[in-house]
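Okay, so subunit A shows up in both of these, paired with subunit B first and subunit C after.
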Partner chain A sequence: MSGLTFALAAISALASLLLVWEKSVSGSAVIYAVQAACVAGIALAGARDAGLLVLAIAVVALLAKAIVLPIALRRTVARAGSSIVVDASVHTPAALLVAFALIAVGFLAIGSVSAPAGLALGETLVGLWLVASRRALLSQVVGLMAAENGAALLMVVLAGEQGALVEGLLLLEAVAIPLALLALAALVRRAHGSADTSLLRSLSGNRDEG
Partner chain B sequence: MSATGLIASIAGWTAVLVCAPLMQGTTEWTKARLAGKSGADPFQPYRTMYKLLRKEALAPTASTPLFWAGPLFSTAAVMLAIVGVPMAAGTPAAPWSDALVIAYLLLLSAVFLILAGLDTGTSFGGIGASRESMVAALAEPALMVALLGLTATASTTNVSTALVAIGSNQTPALSRLIIVVALVVLALAENARLPVDNPTTHLELTMIHEAMVLEHSGPQLALVTYGSALKLALFLLLIVGLLVPPAALATLGVGGVALGIGLVVVKLVVGGVLLGIAETFAVKIRIFRTPDLLTVAFVLALFGLMVGVAVR
Partner chain C sequence: MMSVQRFAVIAVSVCGSLAAVLLGIAAAADFGGIDPVGRIAALGVALAWFGASAAGPAYYARHLGEDTSEQRRIVRLTVLTQVFSVALAVAAVSRNLAVTWVSLETTTIVGAFLVAAGDDRRDALEAAWKFAILCFAGVGFGLVGIGLLAASAKGIPGVVPTNLDSLALVAHRLDPRLLSLALAALLVGFGTKAGLFPLHWWLPDAHSQGPTPVSALMSGGLVATSLAVIVKVLATLQGVALVGAFQHVLIGSGVVGLFVASFSMIDQRDSKRFLAFSTAENVSVMAIAVGVGTPLALAAFAVHLLAHAAIKTSAFLSLGALVACRGSRDTDRLAGAIGRMPGATSVLLVSIAALAAFPPSPLFVSEVLLVFAAFGAHMPWLALAVTGLLTVAFVATAQFAVTACLGADKARSAKGQRLARLYTAVSLAPIALAVGVTLLRPDWVLALVRGVAIATTGRMPW
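This part shows the complex of A and B:
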């Protein structure tokens, strides 16, 4: 484990904790950008000796995840007309303590194999915790993106580079799915006037309450 | 223990005890200047305390001797905590230079003020005391974890040994930085500064610390003010100690001792200016958001501790 890899993994895990604290989706986009840059930075450092194509994919991943996705997230929020989303279904202090417990669980589970991998597992769990504890679709998308960052980091530190085809497909998945989900969230908001999943009743057939 | 080291420690502690109000004065002066006012000069807290010491001390009719003893014991506890912090590498600190003891002395200081606030028998004292105890109950565990994070990598709870370990780069920089952020948040909360509390307000809905000490006057109020200045200086010394590992000044002889005193004054003045700048741009958060902020500090301290232990 190099010192730089561990430092970037630790900053990335710290960013996932801050995502739990941050309630504004615009602010979350900035924190996500920092987290994605750390993960992509580790991948970039590992791809130096893996051939030009893999290196190019790592650069594209850095640009797509640290710049394009956060901008898309902020634009979706701007179009929705509000940047403040106070939507957590769990009280923030409790949610933060659970998030730290999840990072500790990840670290205790596989930290002895590789400390960055332990942090990455914790980061993935925190992302899933965000999906479970938030009500607005946009916040849930942020959680999913954070979980994907954790999974990507776990793969990079445990499995190393996987070849151009696998890396390219993983990048496509990492960028296309959040973009599709952001578009879906915008459609849901336009159709129902809210992207708060706790207020959506149309799927259960009760349109009057929606 | 060398005689120069002991002299350096005593000189450093004396400098902190004498110059702590200067930090508060510098903060207020900076805030006034940034707001476009001329402001009182940085030595104003000394004049205020001198004026208060000459005034008659009054006590509410319902109060007991606890009301008088509260500020005295509170300030004494902070002074004991300061003597537990080494002023430079290789210089002796008090035998109680231990992370847990320092955290508990700070809590003891808050408890005495809370008891004195409750002892007034007034609604303001009660409101302030209950709010202060809420902040203290949330901040103290975080402070303890932050101090343990500072000392754990040196496999000791002794602050003096830990600061030497930091000087020899045994503590990872990332862990130290995370703990510094946690300590800054805790320093603001523990010392009733923005964004947790506004030290200049006397609005009943927003006061925390000021409501608790509203009934104190004369020498008691001077002690409370002095105790607050000492507590702020203590946090500053710990934060600076984490960022810039203390040098072994005592080995330089008399010149080192003089340099140590000068550095303490510089730290307090620069800390005061930075706090003034930060408070100019900060707004007070609602009291019900305070647990959020303090939980962030707690989680940051835990994370810093985890990172430090993992790297070790």
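This part shows the complex of A and C:
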């Protein structure tokens, strides 16, 4: 493990904590971009000697994760109205404490195998925590994207030598999932007239239907 | 004259039906060297795929009127159904976890939009959102699991860490600590897609809100494939000590899931949601079978997986005809449909009886095998718990059958539309096949069930 890999993984983990702290989705998009650039940067560094195909996939993944997706996210926010602010169901200090604990859990679980892998597992857990603790559709999307960043980092660190396979998986995960979620979020917002997931509670299963 | 869109829907559906039949033949005849668990899952996918494809044109016909944007939506829906099915088929037969992961990821992406296309737009979107968020998180864990599995094989020369055959050769040399974490992540990842308790919260919503052919495909195919992947992973690591702990987790998940699903089925007024909870119930039964882990239990798993895929496809499709006719999913409003739609109602009634494990349902066979397997594995408490909870599910299913199929006609006006008779014939095919196979017990099916037990435990079930 190189010092650069550890440094980028640490910045990436720090970014996941900042995502918990950040209030606006637009700001979250910028933090996500930094986190994604770190992850994609590690993948790119690992792909240098692995052939042209792997390198090409890694470059595309870097562009997609660090540039295209954050822009798409900010555009979606702009289309939804500038007032979209993270609406958390847990207070920020408590949410940050949980996030710190999750990073520690990740590090304790597999940090002895590889420190960046431990941080990556922690990032994944923090991303899922964001999904669970946020109510706005787009901030749930950001949470899931952060979790995917963590999973991607873990794959790069632990299975990076698999080359094209790993890079391909990461590219699919990096692009397809967020785009699908953003499209779905737009449909939900259009149908419900709101980006608040707390309104999505009509499926009780025992109501009278027309 | 037939519009281009209508022609496209029929053409795509016919191609899909033929592909499903070919997949079924390949899996049954053991073409292409598919492993037994993959063959069972592929047969399940083929049945659901055929049902969803062949029934599609008749089901969507009422949407193919003059509105061209609606016509285009149905064409997209039909194409996406085929993409979903192909991805399921690939995941079912693959021995490479990375390929399986990509395929199941594809089913999540496509599946979210399929569920979102349900008739009740707002509820369908809500269900699609839950499905997407939970399943994307789940498959994220799956990816983490694959990474950890690769890490556990680090330093072992010549191993391809995503290939199950390659991993099986070095199973005892994998790092046990990383392997346990990998198994936990894979169980969460693929268990979410299978709808294992407590990761099943998307299932009742997604299976009930999507268009009926999609519900059939998800209940019959997606569940079968995801469970088969879990079984393949555990089978790859058979003999590794910590796998036993995960089998206990599966038993725990299965028993609690069976409890929750069985009681949720009681007095369920939304008919499609009833079938969705029935799917959760059957997933739990299969999880228990895998957890017990003896050859007889794995034979029960194989029979149950195949039978459930066939029966649930028929149940959803026939229910879809009734719901379309009545214009409501409310169980009370379906009552008396047997007088108006005797064909579809009869198929639903037979399917519901089969789901309740009424002989000669193959589910009766699998559930009896499971109870015997639990006794044989010195788990009498489990056998009793499963019997008790299945009795609750039986009562709930009988109550549903009486209300929905045999109750007095309370509908003042029928505001829905009747589907073509071909639709009823298609909905009958999977269950007719399942019951026919149970009665005739052809050698190839017995050999396949035996093959699953041998492949997963290394021993003969009988």
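What we mean here is this: the second predicted complex is superposed on the first by the 190 of 210 C-alpha atoms of A that agree within 3 Å, B and C clash if a C-alpha of one lies under 4 Å from a C-alpha of the other, contacts with A are read in each partner's own complex, and residues count from 1 in each chain.
By our rule, a contact is a pair of C-beta atoms (placed from the backbone, for glycine too) under 8 Å apart; a residue touches a chain by one contact, two chains touch by 3 or more.
Nothing here was measured: the structure is a model prediction, and the numbers come from that model.
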Contacts of A:G111 with subunit B and subunit C, given as first, second, both or neither: first
Which partner, subunit B or subunit C, touches more subunit A residues: C
Tell me which partner A:L169 touches in the superposition: subunit B (first), subunit C (second), both or neither. second
Under the contact definition given at the top, report the residues of subunit A touching subunit B in one complex and subunit C in the other. none
So, in the complex, the side of subunit C touching subunit A is made of residues 98, 101-102, 105, 109, 112-113, 116, 120-123, 125-130, 132-133, 136-137, 140-141, 143-144, 146-148, 150-151, 154, 161-162, 175, 178, 181, 204-205, 208-209, 264, 268-270, 273, 327-330
In their complex, what parts of subunit B are in touch with subunit A? 174, 178, 291-292, 295-296, 298-300, 302-303, 306-307, 310-311
Across the complex, what residues on subunit A touch subunit C? 109-110, 113-114, 117, 121, 124, 127-128, 131, 137, 140, 144, 147-148, 150-152, 154-155, 157-159, 162, 165, 168-169, 172-173, 176-177, 180-181, 183-185, 187-188, 191-192, 197, 200-203, 205-210
Listed in rising order, the residues of subunit A that touch subunit B in the complex are 6-7, 10-11, 13-14, 17, 21, 92-93, 96-97, 99-100, 103-104, 107, 111, 115, 118
